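In the two complexes that follow, subunit A is the common piece, with subunit B as its partner first and subunit C second.
Then we have the complex of A and B:
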């Protein structure tokens, strides 16, 4: 177990490095810089700014300096929000994004697995067809349509829930979390159904049925864990989906999370901010993939040896 | 499978022909009827804040979204088929290395790479679809590789080789044509993916730029005025969702029919 984690972390480092370097280089060869405002700056001012931020050094030097700084948790100053360091901005916005993404993942898993299992149990019947059609439609709904739509229906027409910002209590979380979780729930439902349907046809399950064991007991003791393997393998992509979805949802609902800073940073060419967010996102996705591997081992003991 | 495709075809046809039937272009400003309601001054859906005909914008937006999607999906198809075919055909180490690269790329946060590409290379429509195509080819490569590996063992391929057909010739003349159906199924599944990515980028202001328009931009505009004019959100959103859902349904059906998973699932 510890060896698996260590090995995974060892392979994660080059991946992370590659991502950081790629995005670093991309951001630097981009035309237009952070100091290109409406009024051109005086050459001296510009040179002073560039040397203050270390932008006058050669690219490899800048990259090395940057990597060294990251190791100490210093992502540099934000070039646009001048009074803040990137670390401060991330520290402010990350909790909101984590809360949003975490709740959405839990909700999606609960809805997805129960709907998928129910569909597999009624395989071939109309309930199955209906749930699978619904799941396909859910996965196909982009968050930037469902977000505003939910806000329109429940926020403006019915007036039940707040439409933007973080009001009192936790009610402001409901719409963003639901909008974010829908496509993931659809995907999980499909995977859970396929997983369980595959299990139910196997000989040992049919034998258990033949012995008259109650369906729920069969599910709990024999079928559930292997049936959930496809769901576990979806954790990595789900994390990626949540992160991209959060970018839109935070913009739509006016929440000061990481995703919104990312879009703002990209539009303003705030290099340090964008790089920090990409690095953070990549680490989160790698972390989720590792998590998926650990869950595999728990779901299917055969995989423990192979890992 | 037929009904979803017919619906998409109708939308595509309307987007293709529709703009020619309207007296206004999507960027033309009608100064006499700024913010007109429906049917005022001959504008069927009215005009927006800048006096541009909403119907024309909707149709042109749909057209651009679908064009970008098709072009990007074709880019993905070409890269994916070439990559997958080479990996599957060569086998051994080459295959190992090429597929490791695909696995590695799968783990990247793609949307952010695309956003970086858009930021770096400027937001031209050409780069929008090349950028999207360049990141959406992974699944295609995997599927094609699997197909090629399976086909390699088939008697007709062995027969061709025994008859003295060279490796390249066998690959191009005998194997690639047989990938067709599966490749088309996954092409159909790639298109809705790309539609989603393009609209996502345009929604955030990072994709297609004004005066061109796309469904993503229209959804964004609609969301901003949804309290006074919900149709502005519902129409482009509805068309977008319809396209994505229909193509996904058709693509999945086709894929399941080809691979037989649909039947296997139902009997399980």
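Then we have the complex of A and C:
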């Protein structure tokens, strides 16, 4: 296992490097620049700004400089929020996104797997069909519909929960976390249910039935772990997406998370900001795919490979 | 006393009646076997009464006097947990992949309501089924065990709660020939010693008299013959029983003459195949080591051995389907190049027929397209359509299929029909040699016998050389001129059938013969 982790981390370095270089080049190819405001800048001002940020050098030079800076942990200044470095911006907003995304991930996994398990236990009965219908609806509904809807019902009509911003305690987290987790929970429920259905025809389930084990125990003990492999594959990228900010939910609930920097940075051509967020996102994807691989080994020991 | 009985028992799935009128009784310590072709309903008969098949039972099925038909699933589950043990056909898949041997044993021993056994009790359970090094096996996951070890663990699980009745559904058919004897002896021994009743679903007609006390032959869901196993095996009275027993090759049967071989076609000298070990491990696996063989026109050479002995790798190397590391393969004294460099002319010389006929035909293709593909590529690319059509009809006739099969799809064929189409495909480019890789192993006894008779006929008519890879010694003895015995990649003995079975010289051959008897 240690070997797998080391191997993955080794291959992560060139992957990250390639992603950073590609994003760097793509950002620069995109038309427009960080200093294109509504009012055109005087040519001297623009030239001064560009030389201050090193944008007047050749592209390869800039790229090398950027890579060298990253190695020392310096992601550069934001070109738009000029009083802040990119590291400061990310450090401010990342905790909120991590909290929001992490909780949503846990909630979605719990709801999704329990619902999938219950549906498989009640296979073919109305509970099964109701859960699967619900899961389809949840997966299909975009968060910009469920978010405001939840805010309307629980925030405005019932007045139980705050609808915007960060208040006292943790009550402000409930609505955004639920809204964020619902589509993921729906997808996990469907994957878990399908995975379990695929297991049920197998010999080892029949062997367990031969031992007279109760149906729910069979599902839990003999079928669930291998059935969750597709869920693990789905969760890797989904987790990275959740943790680096859910733009829509952050906007709907007025939370200062990472997501909006991603969008605004891209729109403003804030090169360092976008690159930093992309690097973070890519690292998380790589990390979570590694987690997913480790989880595969736990779910099905046959996938642990030769030791 | 009677442990388990069926009387006028039937099984239906939906409106289809699949089994009817089966009656049997099993006493404590007695073994009753169900045998018959696949689709004859033998597994359904064994499993349905306990709620472990897709079918529904009718008539009467009694366990210790208690009627099973009509019991709700919870009550059936309780009965299974307390009184019945099951051994399934596929040891590979009947163990849950993420649960260790100890977890399986613990669950099985506690299924009747008892306590989970301790460490030493589990080791004793594994020793009882003859598993070597039980201490370290307890922690293992099933995929780390060999097929034979897994089946031993399954048997240990099946008897862990001291059941009254053991249901064994073809417990050895997925195992290596040399292991079958050991495993079936283990099962029957346990059954006698512990006075359990056993219902054995068996495909192994050649040794059934040794395994079972009484035998029921099923045909299309009905009992064709029943009685003492030894009597049915030696003197069957029903037409079906006679046909089945005649179709089953035995080591004791009289040898029938074979066509006379002529000039030498194929010669293999010092052929070796080695593979890199999988994954990140360093080193090599010597799948075939310095194999030398030759084969004449009109001759059948059988290559026998356990699984993993390298017989299929050897066959694939010869036919240019697999890699060759070193050594020479020559055809009529002309050296054949490696697989990537073989010309169409070389490929046309020998054609393969594989074990699983259904998997080796593209299900969406028509029989005509399947049969013509090699002919068009290798033999006669420019033949006019009319000539092609007559070629298909002619080949179908040769493999004893009616001409209207030409328009069928592969998916519509039964196993035996599919294998005949695969043979017609192999013949369509007019080869001089066929590579038969377990070509009859996946087929029922009667169908397999038909197919091996077909090979004999084709050999007589066309003077084909046959390289026949098989694990079935009795079949090799019945149809091959000479037999090469492989073990761990080496040909340890190659002799005429008379010599090999009369006075085998290698230990491997002696072991295989003993295991097949």
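Criterion: the second predicted complex is superposed on the first by the 293 of 307 C-alpha atoms of A that agree within 3 Å, B and C clash if a C-alpha of one lies under 4 Å from a C-alpha of the other, contacts with A are read in each partner's own complex, and residues count from 1 in each chain.
Basically, contacts are C-beta pairs under 8 Å (C-beta built on N, C-alpha and C of every residue); 3 or more make two chains touch, one makes a residue touch a chain.
Because the structure is predicted, anything quoted here is derived from the model rather than measured.
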item: Subunit A: partner with more touched residues, subunit B or subunit C; value: B
item: Partner chain(s) touched by A:240 [first = subunit B, second = subunit C, both, neither]; value: first
item: Touching partner for A:15 - first (subunit B), second (subunit C), both, neither; value: first
item: Touching partner for A:124 - first (subunit B), second (subunit C), both, neither; value: first
item: Which superposed partner A:209 touches (first subunit B, second subunit C, both, neither); value: second
item: Partner chain(s) touched by A:135 [first = subunit B, second = subunit C, both, neither]; value: neither
item: First, second, both or neither for A:152, with subunit B first and subunit C second; value: first
item: First (subunit B), second (subunit C), both or neither touched by A:262; value: first
item: Subunit A residues contacted in one complex by subunit B, in the other by subunit C; value: none
item: Touching residues on subunit B, where the partner in the complex is subunit A; value: 104, 107-113, 115-122, 192, 196, 199-200, 203-206, 216, 219-220, 222-223, 226-227, 230, 233-234, 237, 240-241, 244-245, 248-249, 252, 265-268
item: Sites on subunit C touched by subunit A in the complex; value: 50-52, 77-82, 84-86, 88, 90, 93-99, 107-108, 111, 141, 143, 154, 157, 167, 278-281
item: Residues of subunit A defined as touching subunit C within the complex; value: 3, 202-204, 206-214, 221-222, 225-226, 298-302, 305-306
item: Residue ranges of subunit A in contact with subunit B within the complex; value: 15, 19, 22-23, 26-27, 29-31, 123-124, 133, 136-137, 139-142, 144-145, 147-149, 151-152, 156, 193-194, 197-198, 200-201, 236, 240, 243-244, 247-248, 251-252, 262-263, 266-267, 269, 274, 277-278, 281-282, 285-286, 289
